[in-house]
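The structures come next, written out as structure tokens.
Both complexes below contain chain A, partnered by chain B and then by chain C.
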Partner chain A sequence: MAVIEIGGASQSGITQRQRWGHYFAVFYAAIALLIGINLRDSSVNAVVAYSNTTAGIRALYPRGWLIDTDGDYVFRVRDLSAGGYKTTIQVAIEPVAPTASSRNIVDALTLARSQRVAAYTPLSRSPISLSDEREALALEYAYVEPGDNVFLSAIPNVVSGLDIIVLQRGQAIIISFLSDSDTYDSNYPVFQRFLDALVF
Partner chain B sequence: MSVPRQALLDPIREADPANRYRRVWSALTVEVVILFGAAGLVFILVDILRVAPPTALVPVLSVGMVVLPLLLWLLLSVLAERRAIEPRQRLIVVFVITALAANAITLPFIEGVLQPGRWLPLEDAINRIIGYTFSIGIMQETTKYLVLRYTIWQDLLRIRTDAVAYSVASALGYAFALNIQFLIANPGASLDVVALRVVENVALNLVGALFISLGLAETRFSTPSPFFMTIMLALAAFVVGTTQPLQSGLVNAIFSVRGVFDRPLVGFGFTAALFFGVLAMVTFLYSAIERRERDLAKTKDGR
Partner chain C sequence: MHLSFKRAIAARALLFAVVCVLSLPTTVHTQDANFDADRIRRATVFVMQVDTTGASPIIQCAASGTLVTRTGLILTNAHPTVPNNACPGDDLIIAIASEPDAPPVPTFRASIVQSNPGLDIALLQIDRQIDGRLIDPTALSLPFVELADSDSLALDDTLVVVGYADLGDSSVSLVRGTVTGFSAEPIGGDRAWIKTNTVLPGTMTGTGAYDQSGRLVGIPTTVPLDQVAPDSRCLSLQDTNDDGVITSGDRCVPLGGEISVLRPSNFARPLFRAATLRLDLQSQTATVPFTAPTGAPVFSRLFFSPTVNDAGMPVSVVRGLPAGTDRVYLFFTYANMTSETVYELRVSSGGVLNPTFSLSAVRWSGGRDGLWYVGSGGQPWSNGVYDFTLLIGGVVADSARLLIGASGETLPTFSDIVFGIENSSDGVVGTGFVLPTGTVASARFIHRNMSPGLRWASIWYYQETEVLRETLDWADGESGTKTIRIQDPAGLLPGAYRLELYLDIGQGFRLAATSDFTLAGTPVGDFARIFEDAHFTTAADAERALTASGLSSFPEGTASIYALFDWNQIRPGTLWTMRWLVDDEPFYEQTLPWSAAENGDDYLMTLTVPGGVPDGTYRLELSINRIIFAQTEARVGIGQLPIDRFAQASGVQFRGQIFDTQSGAGISGATVIVISDLFNVEEFTAQWDQEQIYALATTDRIGRFIVERLLQPGAQYSLFVIAEGYLPISADGLEVAPDSPSLDIPFYLTRG
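== the complex of A and B ==
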């Protein structure tokens, strides 16, 4: 591109060409920064589709997380790159009696976990509405995870958890989010996106 | 007002423009060679000869390693300016402003918003290069560019190598902020790790700053395309973006059936080759531009 200098140096001693040179540089830096933010967003929010026709569940879980379908749950995904406790999202289905309420499920979960994990403490329970207007119960809790290696000298992790419990067709769908309590707030948006995209 | 002694005692020397200003290239080369030598010595002592400094002394030596580039620059460049007939006045100002801008704005923005550590290590090679270019690379080089543009570019660039001298000050300021943050975040880091990290940060910042200096000098003294500064900024960011994943790939331990082997010397060698390669290229470009200008001036005088 040819730039024709009409006025030459201005009063501030900068020519038009120099001025445009600096404008272009700053403009490029701003655009490059926006590209960087966009790249970050598309990478951090990238997802992988999961579908289980037997359980009637479709989900989008974060790319790079490890999926596991071998436990007493439909599936579980874990962020193995997380420091401390590995952030986990899990979907489980439990058969329930037609007369059972969400409160019964919460009590059963509390009893089971208090025997399985250390210092299990229910923090709160509250009714919520999911993005598709379905009613659900949110149960917040915390417990202590001692770590896998007993020979490592490390302070145990405090895990914060959130269960979303939905009753439908004689089943309780329990969607759990577990995170190191230090990073719970920063990881929560990941779970929120997962929950919004979950079809069951 | 003090008058430089040389101006009174040696008018012939003063008449030659090359003698009126401190020589930048030789001082920069000596500073970096000493820095590489010191880091190499620390590596040989700690990693190869297994000389273990007293635990209480390691933090002090680590701080010394972080301050070493600054000390070398103060001794070989800033103090040397006092002996020049026409010294560069704002070297320390540029250093301080860049360090403060990096520490207060750029590094918190990179860590808090761009968060390259959260997504780039998991990407493939090409995406990592693009990602680092448009995150760390562009932020780092834009910070240096803006500081130089709004502190010295308009009034204090008298010859082309002024741009190099001030860009070096800016690069050292940015690297100093990076090194201090590394030391605070890793108080237990061993001395050889600190030494290698300091060298990498300083060399990589100097490489980017050399491109920025070329853009600033040309924009000030010639009439290049209005896109020249943008191209230099993009090139500097790209070099930083390419070097980040390459360097970590070279330094990181390799896994094999015989065990795990770390190879910090490969990264060290890569950093040295990159710095001296870019230095040679940019020096050549500067000298070619100056020679061309001298030829043009002679041609005009001949007419």
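== the complex of A and C ==
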């Protein structure tokens, strides 16, 4: 049986060149790791630019999310790879009366949604400041989304939603984030990045 | 989201192989490869009209129905859905079977968007979930069927009726039959009804009958009789009187009798067009409500004619017809009828009912009073004596007897009455059955086999009251034409007239010919000016529309269009017809008794559509006795209706199931994206734009999916399947075979 001895006796035989080689190997590994992390982040956090000059909105939304502009909103993006409810970010503009307050907007949204979605439950409303220090109202809510095909047996999803409502120039900008309640917390940073980059 | 090269190749090869295998022609046990029985089953719904005024909904009436758009428009009968005395409910529940073998489950609520009680057709729109939450119909993607051209149907064609056979646990039933004939009525000519040898249960009323290519060609129709009628049937389902038991004291859901007639689908087309375009037509002119009949409905004056002319009048009156006869029309006078009156014709020979020439219990589609006919054309009658019995509400109203195979004896006859203004050459000119008001109205008729001295008589009626009778000896030639007249120096009143001609050929006077005509309008030469200055306009409101000038084109998105016309000398009660068309397709047609003043200006109607009147060429036609007296036309936008890219119900249904490669379990929440044939996978994944998508589907809890939008043969689609935690798979060049009714593909995804 051959015995391979690993030990300090041979260390004395390491040359200067070998020592630098070890240092460089560790260095290259660290660099590769950093590049890999960077590439992953670039991929995961890759964004696509969207702009609507009519509505005066510019945004960066996650790459690979489906964009849809053919609805009663300015635009909507959805993550079709999500299990359960497809994570959605939506920007809509609603006209408001000159005398309207944020509460009026929230009431209108609540009334409309309670007619359209199941078990609509407002959870909280609170004033917040956006990254550009504008004042806004955050409305948290939840509802149940049944399957969209009555001929299939899909289990309804519990959806958690967050509306950021900003009143400006006689309009209400409503930025909505909707996610399956099980993955809401893990998906929220995506929305936070979207919100930070949103210009309107 | 990027596939490794080998995996991509493998996935595409697998997909291609599966598609090829499943696209091969298969044995289809239906008439035609395009007959997608599964899709028709899924498009068939059960409709319950309920009364929601109490603590819990109480079922009032029930019927079957059919989805005719992906957005949840349902075609069914009016009698079990539109509130009436027999079915007084205030809401509609739509039940759908999620599995082919399962009974329907209440899933949605619906509202009536278009209806015609006389034709017994209604179109319902699914607009709420079962719990009352509102639905955006445009977001629905339900299976639906297309309407066929029912005029293309011929005798002995095969029909398949798909509907719910009872109120119990039955799933959707398919019943096959053949076309055995057609019944004629004034409202639809010789094809007012389609007869079938299939006997259907009453709960199938309102459902769909399909031709060999799987398109809806008719609506099986019957009407439950009043509960006092001998043939009435009903079923108690709920404890409506809260006494703890379900007995005959509880509300009874009426069931129709056996069905053997179908209302042709072409009758539903105008309503369908108005419903899909969301056209809302309202009359703004104040009218006097026409008084409801106070007496019981009656039929009288039954007689037969071998032919019907263009105005719907009998050409002659006969008591017997020669062997080989293939046209018989039973005419009769009716009074006090409503659209809720149920009538029936039973034709029997030797005491045996002849279903080919009978008409089962259906709703009355005529007016309140007038002349009506029911009959058949193009179907040979065997020699024999036939008894025609008319019933109202299941009770015999009147009867008449006809001999087929009568001798060829040449008897004196009168026929082919037409009306007009007499000219210098002893003829009459005009439109034939509508004359202008004046002092004289003339009638010309054909006489044959007459002999000098033969007694004959003419009787003129005005509004069912005799106004002139003459009994004379024949003094003209044997055969030819003769003109007679009615005159009043003070002027004949506008309204409905009738002429009856009698002959005495040895057995007393017998009716030989008869016809109705209408006097209306002011004379312009030999013709009547009844409606004039018909035009379209637009304005901020109805009041301003009265003074706005006429327009022949409107910009795209015009919110409302007003139509106006003036009228002259129309007696209230005169039947007139208003017909609206868009791109030459009618979307509104009603024949109603005139209910405004006798003369007037600016009869005003509004055509409104939420979001603006769709582009198209709109036309309004105003007529009396099938003669158009005024029409006007205008273009909106480009003058042509927009193409609805979702309107096509033909194609291949794509469905399947997605599995985990390792575990074999179905994957829930996966997304199947069918990319439009204008793009490929690479182009789609570069942009991820909804505009590039042909259809989307999500898997249910066991991985099943159904792509509701049908794939079209010849188009090359791309496919992208994506699920959280799995490597996506994709393929370009997905093409379906034209003779495959559906495509069912399993997919296997690898964790990654």
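The working rule: the second predicted complex is superposed on the first by the 168 of 200 C-alpha atoms of A that agree within 3 Å, B and C clash if a C-alpha of one lies under 4 Å from a C-alpha of the other, contacts with A are read in each partner's own complex, and residues count from 1 in each chain.
In the analysis below, a residue touches a chain if its C-beta (ideal position, glycine included) is under 8 Å from a C-beta of that chain, and two chains touch if they have at least 3 such contacts.
Keep in mind it's a predicted model, so treat the numbers as computed, not measured.
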*Once the structures are superposed on A, label A:Ala25 by its partner contacts, choosing first (chain B), second (chain C), both or neither.*
first
*Classify the contacts of A:Ile14 with the two partner chains as first (chain B alone), second (chain C alone), both, or neither.*
first
*asked:* Once chain A of both complexes is superposed, is A:Lys86 in touch with chain B (first), chain C (second), both, or neither?
replied: second
*Considering only touches as defined above, state whether A:Phe151 meets chain B (first), chain C (second), both or neither.*
second
*A:Gly64 contacts which: chain B (first), chain C (second), both, neither?*
both
*Report for A:Leu33: first if it touches chain B alone, second if chain C alone, otherwise both or neither.*
first
*Applying the touch criterion given at the start, work out whether A:Leu123 contacts chain B, chain C, both or neither, answering first, second, both or neither.*
neither
*On chain A, what residues does chain B touch that chain C touches as well?*
64, 81
*Touching residues (chain side chain A, partner chain C) in the complex*: 48, 63-70, 80-84, 86, 115-118, 147-155
*asked:* Touching residues of chain B toward chain A in the complex: what are they?
replied: 113-116, 118-123, 127, 130-131, 133-135, 138-139, 142, 145-146, 149, 154, 215, 219-220, 223-230, 233-234, 237
*If you look only at chain C, which of its residues touch chain A in the complex?*
1, 42, 96, 98, 107, 129, 131, 133-136, 141-143, 668-671, 673, 685, 687-691, 693, 696-702, 704-706, 708, 722-725, 728
*Residues on chain A engaged by chain B in the complex (per definition of touch)*: 1, 3, 5, 12-15, 17-18, 20-22, 24-29, 32-33, 35-37, 39-40, 43-44, 64, 81
